[in-house]
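Got a structure here, written out as C-alpha cells. Questions coming.
To keep things simple, chains are lettered A, B and C as they appear, and every chain counts its residues starting from 1.
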Amino acid sequence: MIERDDQGRKVARRAPWFLLGPGLLFLVAFFFFPLYTLGRMALSSRPSRFANPVFDWQWSNFNSAFSRYGGQFTRSFLYAALATVLALVIAYPLAYVIAFRGGRFKNALLGLVVVPFFTNFLIRTLAWKTILGDQGSVVGFFRSMGVLSSSGTLLRTPLAVIGGLTYNFLPFMVLPIYVALEKIDPRLVDAARDLYSNTWRAFRKVVFPLSLPGVFAGSLLVFIPAAGDFVNAYYLGNSQTSMIGNVVQNQFLVQVDYPVAAALSFVFMAIVMVIVIAYARVLGTEDIA
Amino acid sequence: MSVVTTASGPSGRAKRASMPDGTVMSKGGRVGRMVVNVAAGASLLYLFLPIFVIVAFSFNQPKGKFNAVWQNFTFQNWMHPFADSALVDALLLSLKIALLASAIATVLGTFVAIALVRYRFRASSFVNFLVVIPLTAPEIVLGASLLTLFLEPHLITFNHQFALGFGTILIAHIMFCVSYVAMTVKARIRGFDWSLEDAAMDLGANPTRTFMRVTLPLITPGIFAAFLLSFALSIDDFIITYFVSGPSTTTFPVRIFGQSRVATPPQINVLASMILFGSIAVMAIGSWLGQRRARRLGI
Amino acid sequence: MTDPEVSRAEAVRMARAAMSRRQFIGRAGALFGTAMVAPAVLAACGSSGGSKGAGGGKSVSISNWTSYISAQSKKDFQRDTGIKLTYTEDINDNNEYFAKIRPNLSRHQSIGRDGFVLTDWMANRMINQVKWTQPFPAADFPNKKNLRAALAHPGFDPDRKSSAPWASGVAGIAYNMKTTGKEIKTIDDFLAVKGTKTVLSEMRDTIGLFMMADGKDIKKPTFADAQPAFDRLQKALSDGTISGTNGNEYVNDLGAGNLAAAFAWSGDVAQIAKDNPDIKFAVPESGGTLWSDNFMLPDTTDKPGLGTDFINFFYDPKNAAVLTAEIQYISPVDGVADELTKLGGDAAKLVDNPLVVPTDAFLAQLSIFGVLDAKTEEQFDKKFAQVTGAG
C-alpha cells in the first residue's frame, strides 16, 4: 500500500481501528466477555437451591458435568459425526451435478437447495415428525417391506434424530462443496481425463482432492451446529437419545442449576474447539473463513 | 462461474461429448452419469419432502388441536391466515427484531470487513481470528453465555442491569450476525483494487464524497447480501433466542416451540408457506434484477 | 457477478476467495463509519427488556397452561369487567416456567404478567421459599367465599391469602383403545402395552403413580420409599419400555395416534377424546394423584387489583360452570354442579362424570403428593432428572 504523504499515513494507521472499533467492542462485550461470565458461573455454587450462584472456585461442577453426562457427550459427538458423514454423502452428488452439469440452470438449482430453509427450522423438524409418525405412510411402507417389525417405529429412535440433524444442516454441506467444485478449472479436468482415461479415476485424482476445502468447510458447518442441537433430539428422539444440548437446555431452563449447566456448556465448547483445531491440522486448510 | 459457462457454451456437437467434468460418453460413463444424476435428484427430493408436507398441511382441516394427521382438504386456513393473533404478534416481533438486528449488524460487520480487507495493520490476522471465532461457537454455548452475562450488571455493559426481553434478544441477534456480515462482505470485496481510491481524490473528490459516490455503490451488492443473510439468520433463530428471551417476549420460533407442545393450528403452516413463497419471489426478482444488471454492464 | 441465492447459506461464501476484480473504497469510510455506528451501538447497549405497560385502558395479562380456558369465558370476562385480557398459554411445565421467570423475578424485574397458574408444590415454592408472590387485595375478591371448603386451607397457604385454585385434576393413564385392544387398569397393564408409551415430566405425578403401585403412601413421601419407583422407571426407560417423559405435549402425540399409552391428566384426555374417541382415561387401581393448579399474583405486578378481578370472575359459579364445561377439570368453586345442570346439553352430562364432579368414592382412590422439604425436594428432583435422561 502506497501512501502519498505523512498525513495520509496517519489516517491510514488509525482508520482501521475507527472501522473495527464498534464491531469489535460489540463482539468483546457480547461474545468474549460472556464466555468469561459463563466460566465464572461454571465455578460458582448455590448457597441454597434457588439463591443466586456465588463464585467460589467450585471445580466440582466440572466433575459432575463429566460423571453424570458422559453418555450425552458421547452421543452428541457420535450423532453429529454420523449426520456429517450422511450429509456429505447426500450433498456431494448434488453439488457436483449443479457445479458441472447445471449449465444455465445453475443458479436456479442453487436456489432450490436453499428454498426449503426459508421455512422455520422448528416447523421443518415438526414436519419430519409428521412424516415419521407411527401412523404415517413411511412407517407403513417400511413395515410392509419387512424393514420394520409390525410394531416397529421410526419416531423416537436414534435414526430419526440423526436423520433430522442431517436434514437440517444439509445446505451447509452442499454450498461449500459447490463453491469448491465450481472453482475447478475444467481444462484441468480435461487434462486429468487424458492422463487417467477414466472418469472415476479423474474424479478421484483431481476433482475430489480439489474439492476438499469445500468438504472441510461443509463438515465443520454441519458438525458444530449438529453437536450442539437439542431441537431434533427433542422432537424426534426419546430419553435414550438425548444430547448434550438437551442437558444444557434442561439444566439452564428447567432445573435452574446454572453452575452445572455452565460447566457443561464450557466443556462442550472446549471439546468442539479441540475437534475443530485437530480437524484443521489433519486436513489442513489455510482458509476456513 | 463465467469460466464454466463459456467453456461449455459455444461448443458444438463434437465438444458436447466431453462434459466439463471430464465425463466421457462411454457406456460406463453414461451409467455413472445416470447414477450421479439420480443421486442428486434424490437429494433434492429429500430436501423438499418436509416442505411438501408443510404446504400440504396448510390445507388440512385438523379435527383437534394438532395439525399432525391428514383429515380433510380446506381453504379455510388460507382464508384466515392471521386467525391466531398470538402467532401473528410473534411474527411481527420477529420481523422487527430481524430488521433492527440485521441493520445494525450490517453496519458493524461491513466496517470490520472493510478494515480487514482495505488496511494492512499489525494485528489484522488476530482481529480476523477474533471475528471468525464466534462462527465456530455452537449456538447453545452462545445462548448460555449470554444468559449468564445478562444475569448481572457488568462494567463492560455500563453496569446496566438487563431484564430479559426485547433488548437482550436484539443484542444476541446482532452479536451472531456481525461475524457473518463481516465474513460475507469481506469475501465479496477482497478483490477490489484499493489503490485506486487515491485516484478519486486526486480528481478532486473529498473523502466523504469518495466514499459515498464511488465506494459505497460498488460494495452495496455485497452489503445487501450480508443484510439478507443476517435477516434470514435472525428471523429463524430459536436456540439462542430461547435462552435470552425472558418470560413474556415471544418471537416466532419461540412461539412455535411453545405451541408445538400444546396445539399446532394450521395457521403455522399457512404463515410458514407464505414466508416460503415470499422468499422465493424475492429470490427470483433478485436473480432477474441481477441478470439484467449484469447484461447491461456487459459482464 | 450474478448471485441471486441470498440466504443463510451465504455464510458459506466465506469459503470463497477472490471475486472479480473491480474497484475501490475511499478512506473516508473510516470517519463515516464511526459517525454512523456509534449511536446505533449505544442504542443497542442501552436498550433494556421491558414489559408491556397498561397503555390507556385497564388491561390484565395472564399466563396459564394449555387447555385451561374457553373462548367464551375470555369474552365474558372482558365484557363483564371491561378489562382487556391478554391470555397466554405459555406454561407447559412447572419447573420450566419457574426457570423462565426466575431471572426477572429474582431481581424484582417485571415479567410482563399480572398473574400465573402453578401447581400446589410450585405454589409452595413461590409463596414460602422464594417469595415472589403478593396477596390478593381482599376487597377485589368477594367471590372467594365460593371456594370449596376442602381446598380452603392447604399447608402452603392456610388462609388462601396469595393463592386461589384454578382447577384440580387427576393424573392417571391414558391409552389408545385401538392399539391396546383392551382396558388398562393397573401400572403393570400399562407397562405391558405394546407400542410407544410416555410418562409425565411432572415428577410428583409420575413417581407418585409408581409409588402407589408399590403400595407406598404418597401423602408423606420419603426419598427411601420412592427408591423402588425410581428404579422401576429407570429400568423401563433404559430398556425402552417407556420411551420418554412429556410435559403437556403428550396431548399432541396421543391425539395423533403416536402413543399407545401415557401417564396423563384427566381433563386433557377428555378434550382429546372429543376428537379421537379411541383415547380413554383410567385411574390405576392402586390409585391416582390429585393436584390443584393455583392462580397467584407475581410481586412485580403493579396492578394486583386487576389480577384479582380476573380470578374473582371465575369464582362466580356461573362463570366457573362455563369454564368447567370446556376444560373438564374439577372446579374449586362451590355450586358448579348446579350451574352445569342449568347449562344443559353436554355440560349437564358432566355432572355425572366423577372426573369433573368427583364423588366421595372416587376421591377415595386419589392421593395428593405431600409437601417435600427443600432438601428432600432437591433429592427427588435430581434423581428424577437423572433417571429421565434430560439431566
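Heads up, the rule we're going with is that a contact is a pair of C-beta atoms (placed from the backbone, for glycine too) under 8 Å apart; a residue touches a chain by one contact, two chains touch by 3 or more.
Predicted model, so just to flag it, every value in this text is computed and none were measured.
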Comparison of A-C and B-C (more C-beta pairs in contact): B-C
Farthest-lying chain, centroid of Cα atoms versus that of chain A: C
Whole-Å separation of chain centres (CA-atom averages), chain A against chain B: 16
Cα-centroid distance, chain B relative to chain C, in whole angstrom: 35
Centre distance in Å when chain A and chain C are each reduced to the mean of their C-alpha atoms: 33
For chain B, residues contacting two or more additional chains: 1, 68-69, 107-108, 111, 114-115, 118, 135, 147, 151, 157, 171, 174, 183, 194-195, 232, 236, 260, 264, 279, 283-284, 287
Sequence positions of chain A contacting 2 or more other chains: 12, 15-16, 19, 22-23, 26, 29, 52, 107, 111, 113, 117-118, 133, 135, 171, 248, 252-253, 288-289
Multi-chain contact residues (two or more partners), chain C: 2-5, 7-8, 11, 13-17, 27, 29-31, 33, 37, 40-41, 44-45, 100, 256-257
Chain C residues within the chain A interface of the complex: 2-5, 7-9, 11-17, 27, 29-31, 33-34, 37-38, 40-41, 44-45, 93, 95-96, 98-100, 102, 106, 125, 129-130, 194-196, 237-238, 240, 243-245, 256-258, 374, 377-378, 381, 385-386, 388-391
Contacting residues of chain A [partner chain C, same complex]: 8, 11-12, 14-16, 18-19, 21-23, 25-26, 29, 48-50, 52, 68-69, 72, 107, 110-111, 113-114, 117-118, 133-135, 151, 153, 155-156, 171-172, 175-176, 179-180, 183, 213-214, 217-218, 221, 237-240, 242, 246-248, 250-256, 264, 287-289
Of chain A, residues touching chain B in the complex: 1-2, 4, 12-13, 15-17, 19-20, 22-24, 26-35, 37-38, 40-41, 52, 90-91, 93-94, 96-101, 103-104, 106-108, 111-113, 115-124, 126-131, 133, 135, 167, 170-171, 174, 182, 185-187, 189-190, 192-193, 199-200, 202-203, 206-207, 220, 224-225, 227-231, 235, 244-245, 248-249, 252-253, 258, 261-262, 265-266, 268-269, 272-273, 276, 288-289
Contacting residues of chain B [partner chain C, same complex]: 1, 63-66, 68-69, 86, 103-104, 107-108, 111, 114-115, 118, 135, 147, 150-151, 157-158, 160-168, 170-171, 174, 180, 183-184, 186-197, 199-201, 205-212, 214-215, 218-219, 221, 224-226, 228-229, 232-233, 236, 246-250, 258, 260-264, 279, 283-284, 286-288, 290-291, 294, 299
Chain B residues within the chain A interface of the complex: 1, 3-5, 7-8, 18-24, 28-29, 32, 36-37, 39-40, 43-44, 46-51, 53-54, 57, 68-69, 107-109, 111-112, 114-116, 118-121, 124, 127-128, 130-142, 144-149, 151-152, 154, 156-157, 171-172, 174-175, 178-179, 182-183, 194-195, 198, 232, 236, 238-239, 242-243, 252-253, 256-257, 260, 264, 268-269, 272-273, 275-276, 279-280, 283-284, 287
